[in-house]
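In what comes next, chain A is part of two complexes: it sits with chain B in the first one and with chain C in the second one.
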Partner chain A sequence: MIDKKSLQWIAWVLILPVLLLRGFTTIYPVIKTVFNSFYDIRILSGVNEFAGISNYLNVFKDQKVITTLKFTGIFVVVSMFFHIILGVGLALILNMKFKGRRFLRTIVLIPWAMPSVVIGMAGKWAFNNDYGLINDFVRRFHPDFQLNWLINTGSARAAVISLDLWKDLPFFAILVLSGLQFISSDIYEAAKVDGANAVKSFFYITLPLIMRNVLTLCIPFTLWRLTGFDLVYSMTSGGPGEDTSLIAYRITMEAFTNLNVGYAAALAVLLFLVMAAFSWFNMRFMSRFED
Partner chain B sequence: MKKKLVSVLLTAALTCSLCAGCGSSGSDGGNSAASGDGGSSETASDDAGSTEASSDDGAADTGSKDGEYDLTLYTINSTDADFNDWLANVEGATGLKINVIAAPTDSDTRQQKITTILSTGDTSVDVLEINDEMSASFKNSGWLEGLNDTVMTEDIRDEFPQGYVADMITDKNGQIVGVPGYSGYLAFWVNQEIMDEAGITSIDTKEEFVAYLEAASGDGRYGYGGSWEKTYVFNEIAQFVNMFGGDYLDWTNPANKEAMEFIHEMVEKGYTPIDQIADKYEQMNPKFNDGKYGSLFMWGLGTDYAQADMLGEDKIHMTMVPQFSDKRYIFTDSWSYVLNTASQNKEAAIKFLQYMASEEGMKANYEAFDRYPARKDVAEKVVPDTDPAKEIYSRYANECVVKGRPMLPQTMEFISAMGTIFQSYVKDEITVDEFCAKAQEYVETYNN
Partner chain C sequence: MNKNNDVKYKVYRCLTVAGKWVLFAVVAFFILFPVYWIFISSITPPGELFKMPIDYLPDHPTLDSYIYLMENVGLLAKIGSTVLIIGVTLVVGTVICVMGAYAFARFRSKAVSAAFGFIVATMLIPEVVTARPLYEFMQKVKLFDTYPGLIILYISSVIPFTVLILRNFVSEIPVSLEEAASIDGANFAQRLFLVVLPLMKPAIATVCIINFINCLNNFFTPLYYANGIQVLSVAIVQLPLRDNMYGVPWDLVSAMGWIILLPIIIFVAIFEKQIMDGIMAGGVKA
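Up next, the complex of A and B:
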């Protein structure tokens, strides 16, 4: 009889290539990024010197970053709020029995399947005052309507958030739908017998039973919003000014356009910490919710 | 037990093959660019279409193909319909086999790719085309090979626009680091139909320019149009500052303030739309074609207008830049071919660059891409008198003060910062004095 524990080294040998690869592609960059964040590295100026925590301090003095952080916060909160509200709503619709349900479930995912850069470029035109389909639609009801969405802070931010919702909301809804399908129809029938109407059934049966599913979905969807970059990159380039700049976009600009590698690394480390903290809080909340 | 044995054997085989793959890749990578032999090809050099498809993946795509080529060119022209003919011409004339990588069409992405290639010492690309923004950033970085003794030799150097060569592509040691691929002007374009309708026959002075703006504006039409997206508006701010006799790198100069107030007034009076702060050239040009703008400043020879059948003396055409101050001012630009210092195919690259700097090379560029020759002696010979650009370009060269655009080493950061405060200014979020103070602060910040 072979002792299973004595063969464990084989398992380690087998996964060693993956561990090495993973270490090189993930752990090393993370360590290097943290290291770089303490250096003033400006490639175009040929500067590379130890800077202590000055990169971190500069983050809170840099107006561009402050504006970026504000919009990132707004973007994440508003987008996630509507993801949850509209996503659950759409999932409920998709869970209803009606003709063409399968077809709808399929086509609803098309925006999600499209690359964000393509959607961003299309969005830039869609929200154009002269040539955009949004205003063209509105003008069918209000012929004098004039609004170039992407030139004012509020409307540009609204445009970016709505496009983000248009793209990712269906995927969120489909995932919520998978949770809905696990709820037995017997529960609803029993509730109906007890006199519960549709609204009561939703709040007392559906919502509690899908809540864990929704909260779990909130983790990756929020993290994706926090690291969102391509939509803004292709749609507004962060404009007007820096008003629609997201933190991941700013990091990319600092790192690859301005070549301020140390500063970009500090921003990336801060983003990493925010994401880690968010995930931790969310998981704590979920475990409390379970209790 | 048997299953376990088979599993172990299969895993061992897999591991061996992985290791073999790593080893093979490593050895190829070590000399791929240098040796010019071995490797396999995924993209034929005469297939510009397929190179375009791979453009977004950057230089790494060519790693396995180095063996079949003498040099690798990172180009912005591969989507041009005549690119294959151009490439055949160049390969025939130089005897070089050229691997082509298409640069991304998006300016930010392109700049990031090129910056990454050059800053990391990537050897997989030998010759690149870079614009003025990149020239200003890279020329003193040591990433570009000096060409004084090999390509931009004294016998031909004087034929290139002197101001441009000195301002944009000469490094701190006096080495010229690029071969201008063409000569372009930020030309003044007008819509003749709108001019006729407005009864304007000349836009030669500031007063005539304002009169045209007034006459042409109204009912959803604007006398002047632009692309004021934060990274694009730089050209126009600098052009107006120039026209008012100011200095873009000195915002204490009263002429700068006057220029900014003039632009603001154009918005206020409805001569130009505030909407254009979201516009890049791809939004601006259709509007010009559609008759929404009466005039604008734009690079190139009007390909977009020609494609819309709007190019012509009776439609959209270039005209002389109005004179606002003591002289007429105009900017020139180019995309220059540069040699990557890390290149391991320098001999071939220099041969290529020598051809690009020669009369034949400039002619090939002009014929394939409609790029006006950078060398004035070549332009004189090659460009036919029937080309409408010849007369106006000749007038620009002779009647205007021709300048390279004012750029600082931290080019894109500076351009973007200036664009951001410009947008705030025209939206009345800051005053003109605040704008000038901030602009001066940026000049000082990004000039080191």
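Up next, the complex of A and C:
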């Protein structure tokens, strides 16, 4: 009825604004970035010449990028590990039937809704040695505790990861919760009759049923970690050295601060390829998992 | 015997309820305490902020930090530009996304479906990949550091999620409603505006609420596509530094942070249900 051929033009009139806007901000810039990645463009020294694949080869010799990749790897793996463990835990808490449930579900939205830069700036101060919230807490138990978190590699990395978890864990938990709600309580009743305790019914009923949901969630959450920028920008500026620099932060610095545009483009293309490969691989894996 | 079992059951019940409230307290503390700390820092006089241990109930609460932000940092102008950009983005963005979503749901030709697939797929493109060329392009067409330029980029950033959610919603509205209307003589525009649009109200409210939060969170766009126009999320990282390079003007940062947090907390408290529905429907990233 509505799908008449003669009405197709109306569809395109309705679609055109979103399509044009989205196309304008993605198609041309992506093509231009791929193009730039084969050129040596350094605005500060006025260089602009064809460079073949040398930008790509330089990536593997660049100590800064290697350190960045190392932290990006640590960041993704550690953060995702805790996302899964604590996220499922928090989802179970949010799913408990008791009077505080609605309040709890409301406040977990606060970290999700807070801008990362606000969290990053607060984190910079919270992990300050002299006046920070964290050390104030620790000193209530160990009065002589001294640690300048953001100056040392290990503790700075831990600080960045823990703030990332503070912001995104509730969001992960809400999405796990949406899967939990589909499990009917009849199954638990039946298991109880058969003598299963709470721990057993978690491992034999809940976990298998939400496993697919949780693994699917890991795809976008991993991609978001790979492109993380705001938190590091506002909290550590990648320091000490490059030890807390994430790849998206490194690319942006090359593109906008060092004005090494060709090299930044090559890094961006590599990041994009890694993300595409990761998504493709996971989609394949998930479809096999389904069978 | 029976009575003994009864007591056992009651104790068990009490312990379960107590356990739930302990978990509740732990989660609530982890989330709310940092937020509370930002708040009390913003009303503590700067002198009292730089001491240990932290005074969690300030002795001399003051609004000095907020007044300083208003007088010296141009807080009101920054709030104004944030509201302007987000307001226009929400209105224009919602209108064009409703149009697009309706077409994507009701016209299923190959080309239309491909266009929809393209819009959803662009969600995967990270900002850093498009940033530099887009930055140069915006400067060339004189949209850099202008309201229209920023609004175009903000709208573009909300399109994939909004179109996806609204299109799925329209798909669930029975076509028979529209068919009945057209038998009664309604033309295309009447069907869209009088039949479908009223039914879409809850979905539109949900995407508007979530897009409001997403726009408030947007940092990369206003940081790199503007200089003079400062929105709140950028202003907080560019507050005038004092003391030394590594110091944080925590009194001002906490006040600015709280100005961003207040509307967020109010929003979350009022629209908890809509936000939950929206998140679960689309898995939005803020």
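As a working rule, the second predicted complex is superposed on the first by the 270 of 291 C-alpha atoms of A that agree within 3 Å, B and C clash if a C-alpha of one lies under 4 Å from a C-alpha of the other, contacts with A are read in each partner's own complex, and residues count from 1 in each chain.
Here, a residue touches a chain if its C-beta (ideal position, glycine included) is under 8 Å from a C-beta of that chain, and two chains touch if they have at least 3 such contacts.
As the structure is a prediction and not an experimental result, all values here were calculated from the model.
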Inset, instruction - May I ask you to decide whether A:Pro17 touches chain B, chain C, both, or neither, giving the answer as first, second, both or neither? - result: both
Inset, instruction - Check the residue A:Ala276 against both partner chains and state whether it touches chain B (first), chain C (second), both, or neither. - result: second
Inset, instruction - Check whether chain B or chain C contacts more residues of chain A in the superposed model. - result: C
Inset, instruction - With the two complexes superposed on chain A, say which partner A:Arg284 touches: chain B (first), chain C (second), both, or neither. - result: neither
Inset, instruction - Figure out whether A:Gly100 sits in contact with chain B (first) or chain C (second), or with both, or with neither. - result: second
Inset, instruction - Could you tell me if A:Asp230 is touching chain B, chain C, both of them or neither one (first, second, both, neither)? - result: second
Inset, instruction - Figure out whether A:Arg212 sits in contact with chain B (first) or chain C (second), or with both, or with neither. - result: neither
Inset, instruction - Could you look at A:Leu133 and tell me whether it touches chain B, chain C, both or neither (first, second, both, neither)? - result: second
Inset, instruction - For A:Ile43, select first, second, both or neither according to whether it touches chain B, chain C, the two together, or no partner. - result: first
Inset, instruction - Could you say whether A:Thr25 touches chain B, chain C, both of them, or neither, answering first, second, both or neither? - result: second
Inset, instruction - Find the residues of chain A that appear in the contact set with chain B and again in the contact set with chain C. - result: 10, 14, 17, 124-125, 128, 130-131, 233-234, 252, 256
Inset, instruction - Mind listing the chain A positions that touch chain C in their complex? - result: 1-3, 7-8, 10-12, 14-15, 17-19, 21-26, 28-30, 32-33, 36, 90, 93, 96, 98, 100, 102-118, 120-122, 124-126, 128, 130-131, 133, 136, 139-140, 166, 170-171, 174-175, 177-178, 217, 220, 223-224, 226-227, 229-230, 233-234, 248, 251-252, 255-256, 261, 264-265, 268-269, 271-272, 275-276, 279
Legend entry - chain B to chain A touching residues, read off their complex: 8, 11, 15, 18, 106, 108, 111-112, 115-116, 119, 137-138, 141, 229-231, 274-275, 277-278, 283, 286-287, 290, 292, 409-410, 412-413, 416, 420-421, 423-424, 427, 448
Inset, instruction - Give every residue of chain A touching chain B within the complex, in rising order. - result: 10, 14, 17, 42-46, 64, 124-125, 128-131, 148, 150-152, 156, 233-234, 236-242, 252-253, 256-260
Inset, instruction - Sort out for me which residues of chain C touch chain A in the complex. - result: 17, 20-21, 23-24, 27-28, 30-32, 34-35, 37-38, 49-54, 96-97, 99-100, 102-104, 106-109, 112, 115, 118-119, 122, 124-135, 137, 152-153, 155-156, 159-160, 163, 175, 178-179, 182, 188, 213, 216-217, 219-220, 224, 233-234, 236-237, 248, 250, 253-254, 257, 260-261, 264-265, 267-269, 272, 275-276, 279-280, 283, 285-286
